[in-house]
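Next, two complexes with chain A in common: one pairs it with chain B, the other with chain C.
Right after this comes the complex of A and B.
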């Protein structure tokens, strides 16, 4: 991590153009959530890790759209709880050198299934998510020197964010409000 | 004369001794009939069936029947002569049942109806009635279906909660709560501090989650609510119900008890305990069913009572609550009640009513069970002779698995038992044991062991050793140890392995046997003596000596000590400690029961050690009579033959050669015996019968030449030289 951060702040070599992460980014995220629902926390866990995948698309200047899907299955005493939050946030992220701080807001659709034996209960609820974080270019992908053409990967970034999900009216099921955190690796194309 | 009669009558007429395990509880149960005594034995893992089998009709005792209820519970039914009663007296390591003159005070219900408190502290079971029909479904805790939460819920009325003024609308009960109600109450719960308000909100949230099909979350709120304010009995019952649903039986039991303290209706508490009993076997199903049948007011409670009575073996008593329940229930509950009612009628021997109940059952989720019941009824109508024609259908059903698979396997086992095909019956029971763990606490393990013992005893009688050990290996599973009531199966298997030359396997089985006996505190020094000999056969002399030493600590009789001496003597001889070995065998010979064996062992040892004079003197007459027990057939005869050849006792050698050839079961012993006989005949000038002549080419070649009689072994004057008697070497064939 230290090596990555060092390389991120090292900048391009003399005579070399900086990398350009302004394209579409695919982000592999490791998330942690802490749920508001006390019963759910007591039965399963007050917080849990989720695996997620995000796609960040530049729309106009520093305005981006970040679509994220994540999933986790928990088991406790013969019952299984599955949660799958799907979010689509509009983010504002002005870039400063190799660092891009950003803030975002948007809707989240959180689906869940709890099953035990033959019975299962399913539901999904609408929520709003407020997110703030930053993306740091590692500088590990250097732009090609002319006359060589561009490769498919334009940059490799580290991403970190904190978020709060607040449930809204709409849908059926647990009010899955949560504090969220994520550490991810973004590949810009 | 009258004085003598009076004196005899005043003493007890007979004493029957039981040896249950130390933690066992032996209880004299109330009897429903004069001249009968029912004794319940609980938490027992000792094979007391052996004790009961050993009882004979003596003064006062007419008949004794032993019933293994499974799971460490057994019953003994005694029929005594007129004017006698049974008393139970506990000793240090045994229990005496004394049949004494007297009149029972009254005959009424088997035992008084238990209270909730008694059920919770543990009340003894009553013996199950034997089914009054040839074919029947799985019984007791092995029953394959039954009322469970959520198909059957506790009949709980909405509680009258004291809602503080101003909160009535916020905390009003909702018939069909939605997720929005849940969210609303959760928000409210996060803001209020008043314990009564928080208790009510937790109840509302728990009930909402229950109705939304989320028992775990429901249990969370009921549990939290139970610790605030004054929780109503309804909350505790709902908590118990949720606990039953998610398998937290300890919490369910605790909640049932708390509900009882909160003045829940007896029917509710007993229904709660009943559902618990159906899942865990505690409190006792039969007793809980009896109490619930009296207290039940709701149809679901009657259904639970009927099922409990069926599990407890009180089939007649189950009919009334099940009939009442079937009149009022519908859907899945009616299906359960109708099949249970059919089973109750069937077990009472009324096939027609049973059939009608099965027909009346709606097919909801127990279609497979209903198919097995239909098949059973048709087979009973068809008669025992035609049962084999149904086997393919039953076999197909058994392969389907699930509850109907278990029932089908049980049908197969019953058919095979009826046809005395013990091997097939054992196979069906073994398959049930492997595939359906729920049958392990029922009578199935006892049936499995019984079928195996029958089959193995039969094979042992016919000396079919290879089949015997195969059956044993299919039958025996270590967890069956607690159900063993007879060790004859192990003895037969161990001896069969030994006869097959598989010493290690024989030792393993004998170890199983001694482990079973040790686990119930019934170690047997005679079995330990045999274990020592098997250790020796498996070339573990040190372990053999350790076993003998341990056996000596337990030995209380002369026979036991002498048997251990024999084992020790043989081991020491094998280890080359000759003086100690012979001393041990001579010590054993002091006991008249073991004397013949001990002296024979001395003789065999002398032959092996080349002490031919002494060995032949000790064994000669015994060898001619019959093969020596516990030796490989023909081996000792061959040893003696070599000695006779060395001592130039021609006629004696020919007799021994004949015995070795006839008794041996391998191919080498007869060849060697013929070679030696031919040798003796040729060089001693004796006429050799054709069957004793060697066909060996090498012998024929060597016989062309004239050879002197081999010199006899150098012997000390006492004839006690220690060189083994090898005789002429084996002829290569």
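Right after this comes the complex of A and C.
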């Protein structure tokens, strides 16, 4: 990790063009969520890690659309809880050299299923997510020198973000608001 | 005559003495009551029936049920889709952006 970050901030070699991660990016994300709901905390855990996959598509200039899906299954005392957050955020990320800080806002659709004994409860929540993060080009993928053509992979980035899934308190049922954090690897095509 | 009167008075005082006569029945009544109580004590030996009650709990089977805890039950979750108002606004905004992108792609001004 240190080697990747140091190479990222080192930038391209003299006389060498920087890599171009402006295409579509596929991000493999490891997420950590801290839940607001006390019932989930009492039975399962106050939070968990999730595996996720994101696709970041440039729309116009620094404006991007980030679609992410993740999933986690928890078990406790014969009960099983599955949660699958899906988000579609509009992000603003002006690139400065090898670093791209960004902020995003958008809706999230969090589906869940709990099986306890013979009973099963399924549902979903539509909420909002506010996200801020950073993408750093590792510089491990160098642009080809002419006359060689471009390869399929244009850049390899490290991505880090912190987010808040906002769910209004009160009412019956799960409160699926959560603090979220992610560390991921992005491949730009 | 004096003798006759004297004997008459003496006889009268001896025959009407109630103190001595009432003392005897009182002691008789007490012995009867004592005998009745002792008869009732023999019935207590039949209480051995109660010893058979101790055999009943030995025949009972204790069934242990596994308790499954449900977070949905704790939270009052009944399932279904719920939309927070805080989530509807960005969802609507996203749809507007999507529609705008589609119109732009089709060349609709």
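Heads up, the rule we're going with is that the second predicted complex is superposed on the first by the 183 of 189 C-alpha atoms of A that agree within 3 Å, B and C clash if a C-alpha of one lies under 4 Å from a C-alpha of the other, contacts with A are read in each partner's own complex, and residues count from 1 in each chain.
Criterion: contacts are C-beta pairs under 8 Å (C-beta built on N, C-alpha and C of every residue); 3 or more make two chains touch, one makes a residue touch a chain.
Note that the structure is predicted; figures quoted are calculated from it, not measured.
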Is A:168 touching anything from chain B or chain C once the two structures are fitted on A? First, second, both or neither. second
Between chain B (first) and chain C (second), which does A:108 come into contact with in this model arrangement: first, second, both, or neither? second
Considering only the touch criterion stated at the top, classify A:79 as touching first (chain B), second (chain C), both, or neither. both
Touching A:57 in the superposition: chain B (first), chain C (second), both, neither? neither
Quick check on the superposed pair: does A:39 touch chain B, chain C, both, or neither? Answer first, second, both or neither. both
Could you look at A:124 and tell me whether it touches chain B, chain C, both or neither (first, second, both, neither)? second
Count the residues of chain A touched by chain B and by chain C, then name the partner with the higher count. C
Does the superposition put A:88 against chain B (first), chain C (second), both, or neither? second
Show which residues of chain A both chain B and chain C reach, each in its own complex. 37-40, 42-43, 76-79, 114, 116, 119, 121, 123, 125, 167, 172-175
Partner chain C, residues of chain A touching it in the complex: 37-40, 42-44, 59, 76-79, 81, 88, 90, 105-108, 114, 116-117, 119, 121-128, 166-168, 171-175
Applying the document's contact rule, which stretches of chain A touch chain B when the two form their complex? 37-40, 42-43, 76-79, 114, 116, 119, 121, 123, 125, 167, 169, 172-175
The answer for chain C against chain A in the complex is residues 66-91, 93-94, 97, 101
Complex interface listing, chain B residues touching chain A: 150, 178-180, 182-183, 186, 205, 209, 212-217, 220-221, 246-248
